[in-house]
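Structures given as structure tokens follow.
Below are two complexes that have chain A in common, paired first with chain B and then with chain C.
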Partner chain A sequence: MNRYIRVLYKCLQLSWMKVMEYRVNFITWTIVDIGWILMDFVFISALISNIKMIGNWNQAQVIIGLGTFRLLVFPVWGWMFQSFNYLPKSISEGKLDMYLTKPLDAQFLVSFREFSFSIFPSIVGGLGFIVLGISQLEYLPNIIQLIFFVGITIVSIFLIYGIYFSTMTLVLYTDRLNNIANIFTSLYDASRFPKEIYGIFLQRIFTSIIPIALIVVIPAEALFLKPNWLIWVWMLMLAITFNLVGRYLWTEGLKRYSSASS
Partner chain B sequence: MRKYWAFCKITWQQTIAYRGESIVWFILEAIPMVYMMNLWISLQKFGRISTDTAGWLITYQFLTLCIARLTAHHFDDWVIDDIKDGSISKNLLKPFSFKGYLMANELTWRISGLIYLIPTFLVLIPVRYLLSTVHLQFQQLLFVIILLITSFFQRFFVSYMITLAAYWFDQASFLIHLKWMFEGMFGGAWLPIEFFPMWLRIVSSMTPFYFWFTLPIRGLIQPIPISEQLIYVSVSILWVLLLYVLSRFLEKRALLKYSATGN
Partner chain C sequence: MKKYWCFLKIGFQVSAAYPASIYFRVIRHSLLVLLFVLLWTALFKIKPEIGGFGLASITTYYILVEIIDIIYTQTPARMLNRDIKTGDLSNYLLKPLDYWKYLLFYTVGQQLSNSSLSILAALVVFIFFPGFVILPSSLIYFVGFFVFSFIAFLISHQILFIVGTWSFYVSEITHIRQGINQLMGLLGGRWIPLSFFPPLAISVLEQLPFTYLFNFPLKIFQQQVSVGQMGRALFVGIIWLTSFLIIGNITWKKGVEKYEAYGF
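Showing the complex of A and B:
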């Protein structure tokens, strides 16, 4: 276990060294992230000023939802996308050997390969939106709600990883699927809306088979609704299931992998 | 011309060879449509918007997707990478126009997308909304087709200029994000322009982005007087010319600046 922690620390260090080496790059992408935060706000403001409510959320609740969405952008874009983005090309060009021959678990290596620190404004922006939403609600979440929020956000990250990694393993079963890393990020954009906008059939799908309607909505609702421990257990079960499915698809898929003299 | 026809044929073969990627592109484009469509339907169910407005918004979302399929370009990312690592040299040294190659490439991808994907989208959306909102008259259809052709070229030259930026600085990819932001906000790719404040609508009408989504969709769902149509077509053609001249100007300077080793 210590070895894995040390390697994770090294990967973080390497990513940070990259940032320091290519500073202009870092500054540029930080500005792009700030741009997207503003665009999200403009989009949601334009939408909510015209339709007043989204599902059963009012303006303040939608802004809290947006804040949670931006907070989770950090693990999605700053960690998972950065690492997973290399996977399809590594497989189609036969470079996965680099990971398979190392004395560490290959899933761990492909999952924690790279981090982006230019997504940092999303954390600040996300917290800012949450504070703004709470101030508009004129209500302060109590300590239990805050603990529930932190707990469910961690479970949500675990679930996101499970879903994202499971989709990424599909590259092992096809010849070339270089754009697969974008599937989850596109689904993630849909996760900022409450499940009530969907019909019953899609609600069932988006809360169980492809649980994107839970990953942002439930942590956000933890800040303005009573803690629902049952949903916490449900999300935890889903997270465990998706991670197990991802692991199974990965190990089975690796049996099909053949290198190309890299 | 034979050379470019050959490029089209090669690209066509690629679209068939990499069907998996085509399906992924389809899913990527369907996701925003599915959630936005559900949002409009839910608003209608809760009585917050009328059936007519819901029909109009759903049609808008569907047409946005069709237009994106027909006129968007996706070469900026890989051309920027090729310029940065010097592998663009192999394209610059060959006896064909690189711009023409890109154009042939993109056109084929657009046509393939149209053939494979648009019929599938028709299954996904309630057709009754479309039928009640889109009113096609020959003359107006012609207006929309001209706008789509001009916006195809406008978007091509904008993307091409973005790639040219890579000759000067490494971080040119950020301009792609800027393009997405502008086409979302000023072009009406995310929401109808009517959702935004008046000042933004005025600014939007002064940019080429206005011709990318807002105007073609307006042309499909509401009548536009012929005098206005002529003005819009003229302005759109002017934008194409302006962007072409600008891209030529930048291209010449970029190639003078370019150097590569070992490719």
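Showing the complex of A and C:
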């Protein structure tokens, strides 16, 4: 376990060094991230100035949902997308051998290969939106709700990783699939709205088979709704299931992998 | 000129050699359209008109945005950056060909392959879900839409070529490239219609070249501009394109003077 923590720390260090090596790149993406935060705010403001409710969320709740969405952008775009983006190219060029021949779990090495620090404004923006939304609520969340919010957000990150990694393993079963890292991020963009906007059938799909309707909504609702233990347990079960499925697809897919360079 | 048509064919073949990528592109674009339509259907149940759009017009907007987005690519910036970083650019400089033309034809070939299935999928939507989309009633708007989409492709291609030439000065431009791409989409109406912005912002954004990338072709398709306005916009669009061509030529020449081949 210590070895994994040390390697993780090293990967973080190397990512930071790379970011500082190409500072213009870093600054540009930081500006882009700030731009996205502003655009989110403009879009939501335009929407809620026209309609008072989205699904069964009022304006304050929509802003909290947006804040949670922005907060989770950090693990999705700052960690998972950065690492997973290399996987299709590694496989097509045979560079996956470098991970498979190391005395560490290859899934760990592939999943924590790189991080981006230019997504940091999203954390600030996300927290800002959450505070803004809470200030417009009729009540303040108590400490228990805040603890549950943190806990369910961690479960949500675990679930996001399971779904994202499972989709990425498809690259082991097909020919070159360079754009697969964008499939999940496209789905993620749609997760910021309450599940009630979908019909009953699609709600079932988006809360089970492709649970994008849970990953942002449930953590956000922990701040302004009563605890719903059933949905939280369901989310934890989904997180475990998707991670197990991803692991299975990964190990089975590696059996099909043949290096391109050796 | 014949050699450049070969590059078009090669670009097409390289992309078509890996069909899984093309299928996933269709899935991704279809998913995005479906999710947008579901969201806006739910929103329009509450209020029938938002920001000047009704359900059919906003659905048409997002379907068309996805169709237009299919034709854009970051390939010019990506390939130029790769060729400069690896030193492969020297190969092209030594050969009797124009690198810009090679890139253009290669990109067109690649996009023809990448986009073919996605455009077919979009046509299926138009045919089987007529209630969700509003087609132009006049042929001139169809023709205008295609003409402006072509101009938009050239503008996008040229902007990204200019971004690619920055690789002569800054070796890593991945995030710069992606950032500029996102910015072009934002300012062009890719993510939200420009009519959702404040009026002052709209008047500024409509003067910028990015409006030709999404906003203006969509306005033509939705018959929100007159033929006279199309003509004026065509003139301005060509001026923007010419300006970007001149800037690209300057940045390319300056960059090549500075270029040092790596890997040799």
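For this structure, a couple of remarks:
Quick note on the criterion: the second predicted complex is superposed on the first by the 260 of 262 C-alpha atoms of A that agree within 3 Å, B and C clash if a C-alpha of one lies under 4 Å from a C-alpha of the other, contacts with A are read in each partner's own complex, and residues count from 1 in each chain.
As a working rule, a residue touches a chain if its C-beta (ideal position, glycine included) is under 8 Å from a C-beta of that chain, and two chains touch if they have at least 3 such contacts.
Just so we're clear, the structure is a prediction, and the values are computed from it rather than from any experiment.
With chain A as the common reference, chain B cannot sit beside chain C without a clash. Legend: residue contacts after superposition of the two complexes on their common chain; A:Leu104 is shown touching neither chain B nor chain C.
By the touch criterion stated above, A:Leu47 is placed in contact with chain B and with chain C alike.
Judged by the touch definition given at the top, the superposed model places A:Leu187 against both chain B and chain C. In the superposition on chain A, contact of A:Asp175 is made with both chain B and chain C. In the superposition on chain A, contact of A:Ser118 is made with chain C only, not with chain B. In the superposition on chain A, contact of A:Thr28 is made with both chain B and chain C.
The residues of chain A shared by its contacts with chain B and with chain C are 22, 24-25, 28-29, 31-32, 35-36, 39, 42-43, 46-47, 50-55, 174-180, 182-183, 186-187, 189-190, 193, 196-198, 202. Residues of chain A touching chain C in their complex: 21-22, 24-26, 28-29, 31-32, 35-36, 39, 42-43, 46-47, 50-55, 118, 174-180, 182-183, 186-187, 189-190, 193, 196-198, 202.
Residues 17-21, 24-25, 27-28, 31-32, 35-36, 38-39, 42-43, 46-47, 50-51, 170-176, 178-179, 182-183, 186, 191-192, 196-197 of chain C touch chain A in their complex.
For chain A in complex with chain B, the residues that touch the partner chain are 22, 24-25, 28-29, 31-32, 35-36, 39, 42-43, 46-47, 49-55, 174-180, 182-183, 186-187, 189-190, 193, 196-199, 202. Of all the residues in chain B, the ones that touch chain A in their complex are 18, 20-21, 24-25, 27-28, 31-32, 34-35, 38-39, 41-43, 46, 48-49, 169-171, 174, 177-178, 181, 184-185, 190-191, 195-196.
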